[in-house]
Amino acid sequence: MIKAGIIGASGYTGSELLRWLGQHPQVKVEFLSSRTLGGKKLADVHPQWAGWAPWSYEPQDLAAMARRCDVVFAAVPNGASMELARTFVEADCYYIDLSADFRLRDIKVYEQWYKQAHTAPDLNAKAAYGLPELFREEIKKAKLIGKPGCFPTGALLALAPLAAHKLIDMSQIIINAMTGVSGAGATPKPNFHFPHCTENVQAYATVGHRHTPEIEQGLQLLSGSGAVQVTFIPHLVPMSRGILTTVVCRPLADDWTTAALIDLFRQYYAGEPFVVVLGEDRLPQTKAVAGSNFCHVTVRYDRRVGRIIVQSALDNLVKGSSGQAVQSMNALFGLPETEGLMVPGLLP
Amino acid sequence: MIKAGIIGASGYTGSELLRWLGQHPQVKVEFLSSRTLGGKKLADVHPQWAGWAPWSYEPQDLAAMARRCDVVFAAVPNGASMELARTFVEADCYYIDLSADFRLRDIKVYEQWYKQAHTAPDLNAKAAYGLPELFREEIKKAKLIGKPGCFPTGALLALAPLAAHKLIDMSQIIINAMTGVSGAGATPKPNFHFPHCTENVQAYATVGHRHTPEIEQGLQLLSGSGAVQVTFIPHLVPMSRGILTTVVCRPLADDWTTAALIDLFRQYYAGEPFVVVLGEDRLPQTKAVAGSNFCHVTVRYDRRVGRIIVQSALDNLVKGSSGQAVQSMNALFGLPETEGLMVPGLLP
Amino acid sequence: MIKAGIIGASGYTGSELLRWLGQHPQVKVEFLSSRTLGGKKLADVHPQWAGWAPWSYEPQDLAAMARRCDVVFAAVPNGASMELARTFVEADCYYIDLSADFRLRDIKVYEQWYKQAHTAPDLNAKAAYGLPELFREEIKKAKLIGKPGCFPTGALLALAPLAAHKLIDMSQIIINAMTGVSGAGATPKPNFHFPHCTENVQAYATVGHRHTPEIEQGLQLLSGSGAVQVTFIPHLVPMSRGILTTVVCRPLADDWTTAALIDLFRQYYAGEPFVVVLGEDRLPQTKAVAGSNFCHVTVRYDRRVGRIIVQSALDNLVKGSSGQAVQSMNALFGLPETEGLMVPGLLP
Amino acid sequence: MIKAGIIGASGYTGSELLRWLGQHPQVKVEFLSSRTLGGKKLADVHPQWAGWAPWSYEPQDLAAMARRCDVVFAAVPNGASMELARTFVEADCYYIDLSADFRLRDIKVYEQWYKQAHTAPDLNAKAAYGLPELFREEIKKAKLIGKPGCFPTGALLALAPLAAHKLIDMSQIIINAMTGVSGAGATPKPNFHFPHCTENVQAYATVGHRHTPEIEQGLQLLSGSGAVQVTFIPHLVPMSRGILTTVVCRPLADDWTTAALIDLFRQYYAGEPFVVVLGEDRLPQTKAVAGSNFCHVTVRYDRRVGRIIVQSALDNLVKGSSGQAVQSMNALFGLPETEGLMVPGLLP
């Protein structure tokens, strides 16, 4: 059994990690830590565990954690994780980071977009980008995983087949995403107050969302192109879970058909259990993947204007976060990536 | 492995049965039948299965089904199941009915509330009422199970400790329930049209809802009282899943405290994995059990007016329907009742 | 023109008052005050006014307000209003209070349920209970109005015809209410955080909600009975606006019919423009009155169990709050009560 | 008083027209017609009118309508309106069409996108495009108005300042829109069934939505460019009302700032009461305009990638439909366009 720990299990990400690790046939959750909730029971914070959760929060003791665990998942704020990672890496304990601290290869890009110094460039240089469908070999060799952001996961899975085959103009990519409100975390704020949020749609960070450079980095790695430039606009929609991503781009050739594009996507994702390419008769919808680690993708060619439209749907807390982290753990430990993760979306 | 079949797998109940049976370590789903969808793939109807569901709908061939299966779940309309059951019972195949046809012991009560003749009174006489926490021994001996209605499950689990201990006036029980819209099924109708339903609350069937006699029957069996008379009022609230039930009743003694009542409930449900009695600091909420087979219950004593308030929360499609049916199957086959069912509620 | 002022216009109640007063043909809104927002524009806080609101927040200067206004609406917290009222009453300026400070005639009841001393018993003795359909004559003679709570408005309009005609057992009244989340105000809190609140139903304050004594007071005044005792249980449902109230009670006679009860209600509310009694073919729903000052009511007799069920639907921010306050102002100033208030519910 | 009639008042558009016309100080609603509801009361179909609506549905008698009315609003399906219009135009009765039949100047474009013959090209040639902010002079001279589609209204109000000043590359315009479900009408269908629709986001008609040529026509008229080509992708989000439109385009110059763009928009819309240009500190949100005739717009320049992002928010049933039709009527009859329409958005 893999002995696993979760640092910062008070929020949605931590609770969702427990949903997967707690059911995983090869994992024993050894401890949960929280700086503020030490001593409390899990069910006091997350009522879905009332009556059966065996776990309580322990105060944070990094050295003890590193001794007791084979792998640690860190669900802490951006900037806090780079400090924590060293203890675990040096103790030869796998470290899977759900913050943004180990996602960007270029420290300067991190510092520019996240407005803070990166204090662990040596660790960052060794980190793998934990999107198994696209960077599997890198993950298998790493000790430290930077789990991708929720939006980059949706955007990169949508664009990877086109980027990898160098089929599109990499400087003309427009990405609009619609996210559920759980992506903003568990802390109450005016914009996420139910009476304001229900029956409301609005964009945020229309210019300069921090996931933009992460999307561009992924596309550069996939395409080998240095001229990647995307516009990325996130929107908040009145639902709890899910991200729908709509990409518009321009193919280099003009003789595409929707059928040919779907074939291309199906070949690219052949053998991938979690990426499902839908056919011409169906479009991705977030509820079909809610609560699951699946990502539904499809593609259309609009011959009239010569543009390709790709869409993907995923659950921001699962394939966009905790599920993907567990999938990476499976890869790290040589398990089938599906282990403990094959659950259908909760529809209706 | 238990070989299982599902009759009528086109709706929400059938899809939800697959969510549980498809993951169950001791079950192989042998076939799905549908009168109208024969030949279609499951994922054509339920998109959460796209990419990995091994199942297609077969046309309905009762004799073949009875040969191939150890147990059949019937998710067909009221009135249709009583006809189907005989084939399976005679072929020695367990039959778990999710309609209302085998829930009421008194055929006359059925005919009065459901406005149709009951054509299988002999089978009805042998059916067990499939609410394991309250009628476990009966279930274990049966070949034919009438799965309880969603509202009766919530009301009976709330009232059972009080009724069984004969602590309340059985003629003064007021039950209000709030249900998600999935309880109305998958067929579009004006009242369930999104623009009408969102941001709206309304009652329906304020007098004479068909689950009323089923609640009264359960309370009579539990209390031994012949004077049971409940008022039951269901309300439609803008969510997909969940039932919150609020019961107000009058204790026969006036020296109760909330703490004593909670103790009583905890003792009554000791050892029951799916019924969780919450303490004085927390109230049941539907989202904490959404997608799960748990039922959260708590109780309060209002000394000022001398009344007891009991509340329960469950997912109408799981503990109120398919999950409870699988729990009964576990009991029938001598498995732990939790087998394949220990999944936390999907919160947030 | 009536010169009106609003104290505490930062929250939902204040903004809703502006929606009505700003459109009212006989009213000029003279000022908005706020302790914290002085100098800000209304549209900075309430974006629905962007581009056309003529108002800014002024700092709170009670004496100046009293000079400049004919009537002041106070949307301040419980406990804060009793202090403010005196300045206005002494300056001969009408004072319409939207807090709970002037709703309860018996100061001891106020102090017991609100856990604070009442420092203005002399003013309280002169205050009218601002529910025009039930206490119109009292309102017309008052200088100081205590606007009823949102739940008491729904409960009292549902029960008034039965109480006033002494037709029911006043000691056996069970009231369940389902409210939208705007009733909790504009301040973000964990229970009202969108991801937690959406697709969720829960009760709160199942025993001892502060609106209980206000409901009982109203029923005592209407019925003349000293033995009134109600159970009142509020539930939070995932919508922004609206309260549906379901009352179960026991008639003293057993020869009622639903038709006779509906007739009784229609006679009782004949001539009342805002209380609409629905017939046997329709039930109240909150969305039909959302954004409007209407209250829909209907009644059923359940002969089988000898109980009466009454339901009402209203918008907690309008008929349950600001709209009712404006209706009272109309009565105070001798205007038709409908002036500025005849707007249909926003459906869909 | 203007005597007005509504043809096809059974759906959301008709009911919404009544909300505005019924309150309009210069209008008397002379009749409602419906092919299927003749004889029924309005409140039997639209419960928000229970208790006070003076109207009943009359059977459809075109000649009588034309005699009795000064203006008729037609809320009938695409294809049905072109037949009806002639009677009214010939009788010198203004005809405001809410279908798509008189929106496209080029009959061939209509026939290609709507897949049906246009049988009234002579009338179409005389119709004005009823978007007052952009085509006011044309409207004032017309007898027949084609009310714009909901999506084109949002897209054109967002793009008009840039198109009219010829500031952008008209061949590189990407428009994503997110609409509430009321845009799909009042007829229940599986995709709009509450349990499927809640907590779900999906696109539809990703290629070839019928509003695309209408957007392109408007942009050609505004810019004078013949090379307009847009990609338009609509998404269904779980709310009843509202459209948020996000446009990405490329300016011809590269020295823009967000502040300069906002100034440009403010100058362009100076004096327009219903188009509100938000500043750098705020983004449009649908709930701020829900139930109102306002359209909130703002614009950003993304210097890094050299693209402009414009967003607009409106209520699809008001500024996107009935409110805009009433605004056009005001223009036709020489009234202030705001007459009867100055109502703030219903927030929260």
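Labels for the chains are A, B, C and D, by order of writing; each one numbers its residues from 1.
The rule is short, and it goes like this: contacts are C-beta pairs under 8 Å (C-beta built on N, C-alpha and C of every residue); 3 or more make two chains touch, one makes a residue touch a chain.
All values derive from a computational prediction rather than experimental measurement.
Visitor: Computing the C-alpha centre of each chain, which chain sits at the greatest distance from chain C?
Guide: Ranked by distance of C-alpha centres from chain C, the top chain is A.
Visitor: Out of A-D and A-B, which chain pair has the most contact pairs?
Guide: Per the contact counts, A-D leads.
Visitor: Measure off the straight-line distance from the CA centroid of chain B to the CA centroid of chain D, and report it in whole Å.
Guide: 46
Visitor: Could you state the distance in Å from the CA-based centre of chain A to that of chain B?
Guide: Once rounded, the distance between the two centres reads 36 Å.
Visitor: So the centre of each chain is just the mean of its C-alpha atoms; given that, what is the distance between chain A and chain D in Å?
Guide: Averaging C-alpha atoms per chain gives centres 38 Å apart.
Visitor: Hunt down the residues of chain C that sit against at least two other chains at once, touch-wise.
Guide: Only 12, 180, 182, 186, 195-196, 198-199, 238-241, 285, 287, 290, 347-348 qualify.
Visitor: Which residues of chain D touch chain C in the complex?
Guide: Listed in rising order, the residues are 12, 15, 19, 22-23, 46-53, 182, 186, 198-199, 240-241, 273, 276-278, 282, 285, 287-292, 294, 296, 317, 342-348.
Visitor: Spell out the part of chain B that touches chain C in their complex, as residue ranges.
Guide: Residue list for chain B touching chain C: 172, 174, 176, 178, 180, 195-196, 198-204, 206-208, 229-231, 233, 235, 237-242, 244, 246, 248, 258, 283-287, 290, 300-302, 304-305, 307, 309, 311, 313, 347-348.
Visitor: Quick one: which bits of chain B touch chain D in the complex? Just the residue numbers, please.
Guide: 12, 180-182, 186-190, 192-199, 238-241
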